[in-house]
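Once you scroll down, you'll see the structures, which are given as structure tokens.
One chain, chain A, links the two complexes that follow: it is found with chain B in the first and with chain C in the second.
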Partner chain A sequence: MQPQFSKAEAANAPEGAIIHDDATAKWFLISSVAYFFIVGIIAVIIAAKFVWPDLMGTMSWLTYGRLRPLHVNGMLFGWLLAADMGLAYYVIPRLCGVKLWSEKLGLATAALWNVIILGAVVTLLAGLNQGWEYAELPWYLDILVVVAWIMFGINIFMTVANRKYQAMYVTIWYTMGCILWTAFVYLTGNFATLFATGTNQANLNWMYVHNAVGLIFTPIGLAIAYYFIPRASNTPLHSHKLSMVGFWSLAFVYVWTGAHHMLHGPISQWLQTIAIAFSLMLLIPVWAVVYNLFATMKGQWHQLRESVPLKFLMSGVVFYLLTCFQGPMHSLRTVNAIVSKTDWIPGHAHMAVLGCFSFFAIAGTYYAVPRIWNKALHSDSLANWSYWMLMIGGLGFFTTLWLGGFWQGWQWNNVSIPFIDTVIALKPIWIVRFVSGLMMFTGIVLFAYNILATALGNPEEAAV
Partner chain B sequence: MPATDYTYPSVYFAYLFFTLSFLLAIYFFVRSRKDGYWGEQGEDAKFQVFQDDDKIRRTP
Partner chain C sequence: MFKKADNNALWAIGLSLVLFFIGGIITTVVPPLVDTSWSKPFENRDAAKGPTGKLVPLNDLQKKGRAIYVREGCWYCHTQQIRTLLADTKRYGWRGVDAPISTPDEFVYDDPHMFGTKRTGPDLARVGGKYDTQWHRTHFRNPRDLVKGSIMPAYPWIVANPEEFSAMVAYLQTLGRSKDWRPANDYEK
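On to the complex of A and B.
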């Protein structure tokens, strides 16, 4: 076995060891954490605007219609996908037993990604918006995203092609799947929609939106969980074969589910039924993943007391199970008639993207950053606080929006209730949403400060 | 032929990607069987996670 070290540890490395430069991972992780904090401020402002609609007056740059797409795109692409890419640059070379194919290409990708995110801030605040959910970025930024993704894909695929071990661990499968599926999903959602109108355009857009979660954030998120849960618990994965079952069933099932966003809408009934059937089949890959990760932790749960990354990881797995049970259930026509378009949906989406995949990314960042910089984590106590603030704030946020969404849906189904009354009735729900959001933002601040203090602070003690 | 739901260029674009994705998925699934992921050695890959294990790295 050839030992592997980060560049910061190179002084203690024996002759012949692999020294990982990790420069690309550093840039992606630090910039993503910074965006997490900055876009978190936008999130709190949006939550406040639900309670105080006149907040910030009528200045167009700060209206809800401009801040909301910035929040969505900033969190999805500025924080989560960038953090996931940074962790992929850290994990894949180690799993392959070789150095990253090209750090220069990686650094160029990181620079381009930051240009895209900063461009998104300016254009979305200026109101330059394509008007499609998750695909709000102007076309010229979309092209840059495609270029950056090709650069990322080449680097990861070439690293895998040069790998030392013939068999590929499931993390590599999911990462490669994410790269290929993103190409398909992103091109369809951002370019194919330009050539469609009406219902077809809406259908393509919702195919993109759902698969942005299912074929971009799910595979890269699971790739991270499959690597860091065994590493953080020092316990081998329960079953690699079962992880392959989960991977292939996800690949076959997910792409057909997008039309469940248009149930009761003007699309073909057969397409709605197919979307419902495949949404229910999602329980197969989900259970394969959740059982595998729970079984890995058998006899090891006590480690959660001491390990913050494990706390985030296993909470993320529970949220993954919950959100992926919710999804198929509200794809049923009867349930969908109540919850569709209500506050239930952002409650569900936040549990997936924040409660599950962001928890995985936070865990990976807490694990990787001290090792990349060869420093002890700045503060274990702050890390614990960041977990509990995000956990309690998140639970308050999710459950409040689910209950509020159901209430809202029941009111909307009663035609004798004027719409404005249903808006006024939700105000207590939005106050709790704001307070929960403040708690989550506090967790983000503690996380971001801890990571930046670790990376930039004095090296008092080496990481263990 | 008159334009219908099924004849928009964007839908053909989606058909093409669906077909490509499906064929690639079939190819890689068959390939994974040939490469032994489902056989007796199928569990070996999971130990790659520990190839750069901290404890191993820190042993003098």
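On to the complex of A and C.
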């Protein structure tokens, strides 16, 4: 493989090496890290509102109902998807052995993406909410999302089409899969729903909600993990064949499971049963991926002590395993009757989006940013602190919500307990969630500061 | 077949879309064609077949109230579905009468649907007629004045706006009323 360098390293590069511009990756990464921090503030506020419901409650645009969609959309699209896209702009040209097809198009995509996120902040705070989870943004912003996604897709696909190495590494498949599936999943959740009502619309909505995680964040998150785990540990991937099993079973299995969000609800029983069966089959792609990534690290675990990206990556893999064990289990009717609609669900969702996919994106950012700017990371010790704050805060958050959610579900199933008593009982759980949330937020601040200080600070010695 | 996708990008694209569309079509396009109750408004005149009643579309005032429900994000904390669980039919019943299970034909006019996914507060699928206007006025002004320990936000700006408040209450009183599930004069409007 030919040596590849970022533009910043060009001076030291041997002749014939590919010099990557990385301008698009830079803009995506910097803006996503900034949103991670800003939306983190919103996250802490809404966690506090569970404990102090009157907090900032005198203005309509600061109520829970307005801030929650901003938190969800801001984290999903402002931080996570943008960071994933930024990393794809960094990774794909390197795997293809060519430059990104068009940095100009990439920069335009980054600008458009920021317009969308800022538009989202204004419209959501104003209460312009379409009323569908994950698809709250008004239709004119949805159209901009589609345009930006097509621009992203063209750039990646043209880079792949021009690639120098014929064989495509698994990261390339996952990225291409993500781009294609997202296109259809997003159209279903944001446009097809416009032409349906009631149960039919809910079914389309949950197909989108479920696959936003399963066919958008999972493939691009795994693309990142598959690239950065071998890179950061300097170890070849354990098995190419196993990565194929994981990819193709994901492609087939995931899309069937949307109706498990409506188990026991007003939707056809046969559809619920299909969703349950396919939810159980999700164990196949998940365990294939997890085994492959663990086996890659065999004999290399000591590297975790020294490397912050590896710490985040491998913790992310563990959380992936746990989340995707919970998912199939609570789609079983008996378990679902207890945990559905309780606080268990945000515990589960945060482990997927924060514990797994955000950890992957954070690891990729920690790895890529010093190399793109050709500077040493601002502070290794701060990076370590950011890991432990996110890890301990995250664990506190997930475990208390699972326990609290289970407990809440049991109380609901005892109809002699008045509903309000089940609310009051959860107060200690929400206090722990708020404190863990503060720890996680501290981790986010340290991460964001470290990355921005690296990118914007004075150039020091070159990164190794 | 799968091996070929290793080196051939077009093949990989085609295959991943084909696999995706099998499940995609069977779970989104097919169900409403097979289950006609998804699009046929509820109507039952025969008491032997369960609760009688008829689903009617909302009037303008109720629609306005529903838009406020959507705008304020009430649906992030309140579901609107009585599931096929005793825990739901008993808990959300009223004065000893169990709430009937929600069926797709009761939601045919719902756009956007408000089924919800989280119950930070109680389910509202059958709340229509349970509380009167004065109760809602006090409750929206500050929920903790009526329900000690509640964590629902206060909505003084809705109460202060008579037009919005009456629309909101008008909408809430429709919830779950297409099925006539309670003794005739048990509604507290």
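Here is the rule we use: the second predicted complex is superposed on the first by the 463 of 464 C-alpha atoms of A that agree within 3 Å, B and C clash if a C-alpha of one lies under 4 Å from a C-alpha of the other, contacts with A are read in each partner's own complex, and residues count from 1 in each chain.
By our rule, a contact is a pair of C-beta atoms (placed from the backbone, for glycine too) under 8 Å apart; a residue touches a chain by one contact, two chains touch by 3 or more.
Keep in mind it's a predicted model, so treat the numbers as computed, not measured.
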Chain B versus chain C as contact partner of A:Tyr291, first or second or both or neither: neither
First (chain B), second (chain C), both or neither touched by A:Arg231: first
Chain B versus chain C as contact partner of A:Asn205, first or second or both or neither: second
Partner chain in contact with A:Gly127 - chain B first, chain C second, else both or neither: second
Partner chain(s) touched by A:Pro53 [first = chain B, second = chain C, both, neither]: second
First (chain B), second (chain C), both or neither touched by A:Phe37: neither
Touching partner for A:Leu95 - first (chain B), second (chain C), both, neither: first
Which of chain B and chain C A:Met244 touches, first, second, both or neither: both
Most chain A residues touched (candidates chain B, chain C): C
First (chain B), second (chain C), both or neither touched by A:Leu180: both
On chain A, the residue positions that both chain B and chain C contact, one per complex: 166-168, 180-181, 184, 188, 192-193, 196, 199-201, 204, 207, 244, 248, 251-252, 255, 268
Complex contact set, residues of chain A against chain C: 49-50, 53-54, 57-58, 60, 63-66, 68-69, 127-133, 157, 160-161, 166-168, 173, 176-177, 180-181, 184, 188, 192-193, 196-205, 207, 215, 244, 248, 251-256, 258-259, 261-268, 271, 274-275, 278, 337, 341-342, 345-346, 412-413, 415, 419-421, 423-424
Complex contact set, residues of chain C against chain A: 2, 5-7, 9, 12-13, 15-17, 19-24, 26-28, 31-32, 34-35, 38-39, 70-77, 79, 81, 83-88, 90-91, 101-104, 106-122, 144, 147-157
Contact footprint of chain A on chain B as seen in their complex: 5, 8-11, 13-14, 17-18, 20-21, 24-25, 29, 32, 35-38, 41-54, 56-57
Interface residues, chain A side, partner chain B - complex: 1, 3-5, 9, 18, 94-95, 97, 165-171, 180-181, 184, 187-188, 192-193, 195-196, 199-201, 204, 207, 227, 230-231, 234, 236-237, 239-241, 244, 248, 251-252, 255, 268, 371, 464
